[in-house]
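Every chain is named by a letter (A, B, C and D) in the order it is written, and numbering of its residues begins at 1.
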Amino acid sequence: MFELPSGAEIQGIIASLEASVGFFIPELYLSVLFMLLIVVDLFAKGRKNNLLSITTLLGLAGSIFFIYQQHSMQPGEFFFGMYVLDEFALFFKYLFVISAMIAVVITMADEQFDREVKSIGEYYALIVAMLIGMIMMASSADLMMIILSMELVSLTAYILTGYFKRDPRSSEAALKYLVYGAVSSGLMIYGFSLIYGLTAQTNLIKISAELSAHGYDPVVMILASLIVLAGFGYKIGAVPFHFWSPDVYEGAPTPITAYLSVASKASGFALLMRFFYIAVPHVVNPYEDIIGIDWVSLLIILSIASMIYGNVVALWQKNVKRLLAYSSIAHAGYLLLGIIVMDQLGTQATLFYLLSYFLVNFGAFYVVILIANKTGSENLDDYRGLGKRMPLAGAALTVFLISLVGLPPTVGFIGKLMIFSALLAKGSLYIWLALIGVMTSVISLYYYMLIPLNMYLRDSEQHGEKNMDSGMLAKVLMALLMILTLYFGLFFQPLSDFAKYSSAMFGVKLY
Amino acid sequence: MHSLIQLSIVVLLLPLLSFVILIFFNRRLPRSGDFLGVGILGTAFALSAYIFWTVIVQTYDPAFRIAWDFTWIDLGKVPGVGPLQIKMGVVIDNLTAIMLAMVTLISLLVHLYSTGYMAGDKNYGRYFAFLGIFTFSMLGIVLSDNLFSIYIFWELVGLSSYLLIGFFFEKDSAADAQKKAFLANRVGDIGMWLGILILYSQFHTFSFVEINANLAAGKFALSNAWLTAAGILLFMGCVGKSAQFPLHIWLPDAMEGPTPVSALIHAATMVAAGVYFVARIFVMLTPDALHLIAFVGASTAFMAATIAITQNDIKRVLAYSTVSQLGYMVLGLGVGAYSAALFHLVTHAFFKACLFLGSGAIIHAMHHEQDMRWMGGLRKHMPWTFATFTLATLALAGLPLTSGFMSKDAILAGAIGFAKVEGGGIFYLIPVLGFFSAMLTAFYMGRQIWLVFFGESRTHLKPAEDHHGHDVHDAHHGAHDDHDCHEEHHGVHEVSWNMRAPLVILAALSVFFVYSPDPLDGAKGWFMKMIQTPETVVGEASLQKAAALRSGVAPLIAEAVLPPAGHAETDSHAAAAAPSHAAPAGVHTFADPRQAEIAHAAHAAHFPAIYISSIMVVLGISMAFIVYVFRIIDPEKTAISIRPLYLFSLNKWYWDEIYEATFIKGSIVLSKVFAWFDTNIVDGLVNGVAFTVKKFAFANGSFDKYVVDGLVNFTAFSVNTTGAVLRKLQTGKVQTYVVMLILAVFGYFVYYFTRLVY
Amino acid sequence: MEQLTTIGLNHYLTISAILLCLGLFAVMTRKNAIVILMGVELILNAANINFLAFSKYNGGMEGVMISLFVIVLAAAEAAIALAIVINIFKIFKSVDVSSIDSMKE
Amino acid sequence: MLSLIVFLPIIAGLVILAVPSSQKQIIRIVSLLASLAQVVLSVLIWRAYDPSLPGITAGPGGSPLGSFQFVEKLPWISLNLGGFGSLNIEYFLGIDGISVTMVILTALISAIGILSSWTIQKQVKGYFILYNLLASAMMGCFVALDFFLFYVFWEIMLLPMYFLIGIWGGPNREYAAIKFFLYTLFGSVFMLLVMIGLYFSVIDPVTGNHTFSLVAMASQENYIKDAILGPDNVMWRYVAFIVLFIGFAIKVPMFPFHTWLPDAHVEAPTPISVILAGVLLKLGTYGMMRINFPLFPEVFHASMYVIGIFGAINIIYGAFCALAQQDLKKMVAYSSISHMGYVLLGLAAGNSEGMVGALYQMFNHGTITAMLFLLVGVIYDRAHTRQIDKFGGLASYMPVYAAVVTIAWFASLGLPGLSGFISEAFVFVGAFSSVTTRYIAMVSVLGIVFGAAYLLWSLQRVFLGKRKADAAYDIEVGEDGHEHIHFHDWKGKLDLDGRELAMLVPLAVIIIFLGIYPMPVLGMLTTSINKLVEVLSPVVMTTMN
């Protein structure tokens, strides 16, 4: 049935592979780092080894150099269309690498690790592995790469979630994550198989061309789209595919929660955007799309449900991590708004929002960790009176939360501004979406402000003389994140320009 | 600027100076600075007297008028109107000159009197400060050349009245009275303010001259009903300030203030300001408005008189008499007897001030006993007071040879003439009420004189528990320690010179020759000659013009809205020159037929009015004699036999109770309802929304539960039931999550499948 | 008749759909974590059958490649899943998924 | 100049940040100096302000700076948005007649608020940092001419306010603070959408780019015809106007969006009440005058009647609610609602008299209500209660206090000779002259009576008469035979002390002076208001009918 390739063809394949490897250096480098970390771990046995974490940090920092070099490369496909390199992917590479670095840093700060695990062991290696998976998710242009990279991310995430083996909540979270994730990705793969069946292609661009050229059976296409969407929805944590996320965020080690809520979610968005923009045929006006795969209305429902559900349910949360989990569901809704408009401005807005969310969410989780180190709790009630005892942490957390609400002068406000601008730039078409967006953000104010409310407006019951100093390094980092949040809220041009630059995606032209 | 204008401004500002100095420094000045108040007022009076001399005596021209104004607020070039300025200004004409002199004179006398009466009060200095600001505001009203500044000073007069009524603010009754006075005045003021607004909205000016000119030119673009409404609304200001029915209720209560204040403010000047104001706007009043004014005046005069006959408090009798007399003045203006009404204003000011100061002397001497039932026989102890009080009483009752006789007669003559011209019928009610009130006046004043001055002292008859006068006058204790040692009536003696002198001066001013050589005809005197009824600007002619302009094609805005100031006079003079109606000698000629007829008829009714009113006064006095002197009819028994009527009068026609039950209770209930509405419904709705949002999260816990009305309850309930189903979903069991995942996909699929099929 | 006698694409697809449903059914209803994991395997294998079938009928190699990778993935997933389940059993002394619900709402 | 006056408090806040929190006096003095410098600057601005320049829209020849004064315009953000041109946000400050009065008011009230904050003992450092942040943001709102900048300042105000009420407030402060926050945010998020919509609808005539400049937005010819808020899109223009109006109305606060105000006032500490009533409420009506009305003149024209009705409801409803209050501060809060109703009514009139009255009323209400709240604070400091029926007869024992109260109370009820009267009078003059709002004005004058009713009634119950049986103070007969009163645990001077006089006397002087001679303020704003009226009425309105 299949003919073996001739020698010349093999030569060509080898040449192509050799050429492609040149575009794959950061990933290769990170893979080396991954293995190196395992080796280092073997040598350096320790409860919480700074050597290991610093190696990770340095290694990750080194990868930025390689990623930076890719700017000069021509955007394009390689590895036979399996993989692309474009500004869009580069954006996410930076985002993920820095996320991983921050995850490492806040892991170093988290004292829970000292209590829970004997050895930090392969923890950092797993973070790097997850990073590789996410980078590949952002660059995949082929169904097979998508499956592989997504599974890489998922599998490492399961392990990291359950990393506190003796903590029942951590284990429970891992199990739930595992079952839900496995089913979702299984369904997604099944959906891919249907798409493959319809088009006989696995490359996104080719799928798009095939669908446009020959048409398709709408019922099958709906089914395939829906179950693929289930997989993506699970990754971005959007309603109604969000169910895993509150439990997992609550149970996972806090650095992992932060990492998941920012980087993993962003990778899901990267994938969604690429798949959505490229593989799905659409014309400029989404309402003229072929019935049956009206992805825009699919995403609209997803988005509205996320914004409302996330914000409304968050009102009742007593655990700060869980509260932030629901908030992250809501933010997935806002991010989807930017994708819905399906134009260059929307993409730019989404990317900007991701940046702001990345900055702020890490900041918030970092402070939560620092507070948990001192109080040993993530419960809202235990935040009482903290504003006085930890003034900088309180101030920083307040700034982060304000940014999450989307109030000036924080970067979160600019994010919302960009998203709503993208919506309103379409004229009156999406005004109602913007209305839901702003209304739900008012609701969100209430639960976000519960934290400053407890920190400042209420006095704590116990007057422990406990040392509440979180250390110089932590303070500097906290202050840095806070100042960045404020600075980019006022002078957001660099971020925004970067987002604009990064909105260029190979294989599709956005207007 | 004319030198008289300059002087008048000095006169205006002097009392203000007195206020400023005394309010800040009274505690640092010797004698709390009373000499300063008296001195400043003396200067003011001297200057006013000079103005009076120059204007009335030297110039002696009925049309005398000088004015000066300055731009107070410049609104720039207003779109749709053009350059717009709010001006403030001073006008001096004969009326102003007379009023200036009158106000400063009475104020000076009251200042002087108060140095005796108020001596020893702990807030002595502040008292004079308040008198100063009152005088300032009153002079402001008198001098104003526009509605806006009149309104300003009008309110300031209200403030000073408020401050002075509540001078003994520790007394709850005083505090109540001051609030009542201010609020009743405010009710009137909003009417006045609306009237001003109607005129302003048409002409974009507050100035009398410009408004009159525009009205005369027929530029009033709204219907005549609006014009009438404007007049009536402006008159509401007078209703409040001059205590006309139905806002008269505050004036008797205002007697809670110190008696000299009652004399100055609540008898002579402030309450007369309302009448003065109606005189100022007289020319803009349409016949309909005038009718209403006349009826209000007549009913006030009658009602107050019927109340006065049963009151026991010496000051309350005088207060109701004041209301009644103010009714006369308003009646006079309403019937078009302009100069008569103003004449009565001035004469009444003097004799009523005299009466109040006299009663003050009595009260002072009686250790703050105000109930006439426990007085009596004071004639012997207080001859000066008795003499002046009696003279003023005669003037009030309207006996010939007094000033009151002339002015009241002129008003009643006008009323008869008016009734005739208007075609009789209901309009005859006005003179009838007027005459009847004259009789009642004579009766209750006779009663008062008798009860107070004649007979034997009845101090010992006073029930002991009723002896509360002292308690409420704590403030005076210090001053009257020397009196208190004389337990009984023997303590009563004549007051000191500084209280006596004002009485004498005021009494002297109640005699006829001050005003007119002929005791029977005020019209022969200088006053009636100087103050002549002005020509209306809303007569037939201008109303027709206005109607023509309204219906006509001429675009109003295109025309220059404001003719140069002063046109009004030339217009009216030109019109007056036209001999449209042959007028009898001594009667001012009018272009407006209605005014001319009334003037004519009033002139004709002069002597009938004299006869009738004399008869009425004699009747009244004889009745008083019959009842109180000869005791032919026993007042107590009569009171019992006509008890309902007696109570009706004693309780002041139950107006206070009616207002209490309706407006005051109503407002308070309404305010409670609104407040409840605010916290429960308006706020509750908001909270309800928040509540619903929270319920939607199907969780429980405490939330700021405020009032949840039925609607919100229902919403919460229905959301709750939905929540009960939804609650099963988020169980923490991962399999449920998977089920939800599948369901979501399936739901989506069904949705799109149906869309696809249909 | 041909539909019944000749094994065509639709037969593969039907089988895979049935497998998928069985897998989902297992995941949704079974208490035992291990059985749930088996359900997941069924889902993945359903996809594999699809890929292979389509690959055969479309004439490309991609489906075969993907199914190979998915098999490897399934193995990796199973390994991790078993590790987690063992850990769960250590802590909760049970692998009954429905009883592990300490975090909710 | 304007940048300086805006950022002075923030600079002070940064300085305070460096001061150790134990040095309370230094912290206070730094804040006071900054606010006094603000006052000085505002006076300089007042002196240098040229009242003949109208402002409001683009100046002669379509100058993008308009005829604004003290303009500072710097490019701030310039983003390339691909197909949508470039996003230009400017740091654009400037003042005209509308804002210059508000700038002066803000500087004044901020300084007085600082003085009033002297008694704050709890977390002084944090308090003054937040206070200064608030002061800067308020000032920024009034001088910003770029919508984006305005919005940023507008939102920055919320957080400090939340904490100032929430931390230093009364017993129910959590509820009040979050209520304030939620309400205001609810209003402003819609403003955000309108802002974006306007951005896409307006072209800067000079650069040809979309712009946030309020000056460009105020000229209807700069709108793209078929843009979302362009002239063709009538429905969305109405919607935008309404939501923008609601956003500002919440701040005003207009019935039925007012319920946050009584709660916030009752719970807030005195200086914050002063700021809230003195400046923050003005932002609502200022926003209407600066943004809401000139940007949508035809919608404004169509909705004058409705705005007027809401104004009347505010006036009368507020007065009635005030009448029923037992808490003195709550009464003053409701009186604010009533008085802001006058502003709304004046705006609804749409003519110069009404608008001048409205703007002047904003200024006067700022000073008068500040005084009212300060006075309530004085008695609260002493008695620890504000229940009206817990006093009585205070005038005898605290004569100076009673005198100042009388001035403030009468100013509030609109007594001539005090500034509140002139503004109320102009509001009525304007409202009555406008055909649209004539009957509304006729109803609203009832507010004058009820305003007098609740003020006089409270005055009587607190100051006049005799001590109530359950009063918050005791009467003692001193050695000299005179009666004295004393409040439990109050160590300071019984009557007003020097600091309190320093806060109250300047306000009283301003109130009296501006009541007698209003031109110093009115002179600055008439040109702008006339221009605004022109902008608002495409066809020259006639008030003759």
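Here is the rule we go by: a contact is a pair of C-beta atoms (placed from the backbone, for glycine too) under 8 Å apart; a residue touches a chain by one contact, two chains touch by 3 or more.
Not measured: the values here are computed from a predicted model.
Chemist: Measuring from the mean of all protein Cα atoms shown, which chain centre lies nearest?
Modeler: Central by C-alpha mean position: chain D.
Chemist: Centre to centre, by mean C-alpha position, how many angstrom separate chain A and chain D?
Modeler: Each chain's C-alpha centroid was found; their separation is 44 Å.
Chemist: Could you state the distance in Å from the CA-based centre of chain C to that of chain D?
Modeler: Distance between chain centres: 66 Å.
Chemist: Taking each chain's centre as its mean C-alpha position, how far apart are chain A and chain C in Å?
Modeler: 26
Chemist: Report the inter-centroid distance (CA atoms only) between chain B and chain C in whole Å.
Modeler: Once rounded, the distance between the two centres reads 96 Å.
Chemist: Any chance you could list the residues of chain C touching two or more other chains?
Modeler: 24, 27, 36, 97, 100, 102-105
Chemist: Which residues belonging to chain A are in contact with no fewer than two other chains?
Modeler: Where chain A meets two or more other chains at a single residue, that happens at 175-176, 179, 183, 187, 247, 316, 446.
Chemist: Of all residues in chain B, which are in touch with two or more distinct other chains?
Modeler: 690, 699, 730, 732, 734-735, 738
Chemist: Go ahead and list every pair of chains that touch.
Modeler: Every pair of chains in contact is listed here: A-B, A-C, A-D, B-C, B-D.
Chemist: Flag every residue of chain B that touches chain A in the complex, lowest number first.
Modeler: Interface residues on chain B, with respect to chain A: 690, 693-694, 696-697, 699, 701, 730, 732, 734-738, 740-741, 743-745, 748-749, 752-753, 755-756.
Chemist: Can you name the residues of chain D that touch chain B in the complex?
Modeler: 175, 182-183, 255-256, 258-259, 262, 317, 320-325, 351-353, 356, 393, 395-396, 410, 415-417, 421-422, 425, 428-429, 432-433, 438, 441-442, 445-446, 448-450, 452-454, 456-457, 460, 463-466, 517-519, 522-523, 526-527, 530, 533-534, 537, 540-545
Chemist: Spell out the residues on chain B that touch chain D in their complex, using ranges where they run on.
Modeler: 72-81, 84, 148, 151-156, 159, 162, 166, 169-172, 174-176, 178-179, 182-183, 186-187, 189-190, 193-194, 197-198, 200-202, 204, 221-222, 556-557, 667-668, 670-672, 674-675, 678-679, 682-683, 685-686, 690, 704
Chemist: Using the touch definition up top, name the residues of chain A that touch chain D in the complex.
Modeler: Interface residues on chain A, with respect to chain D: 343-345, 348, 388, 391, 398, 402, 405, 407-409, 413, 416-417, 420-421, 424-425, 427-428, 431, 434-435, 438-439, 441-442, 445-446, 449, 452-453, 456-458, 490-493, 496-497, 500, 511.
Chemist: Which positions of chain D touch chain A when the two form their complex?
Modeler: The touching residues are 76-84, 87, 123, 126, 151-152, 155-156, 158-159, 162-163, 166-167, 173-174, 177-178, 181-182, 185-186, 189-190, 192-193, 196-197, 199-200, 227-228, 233, 236.
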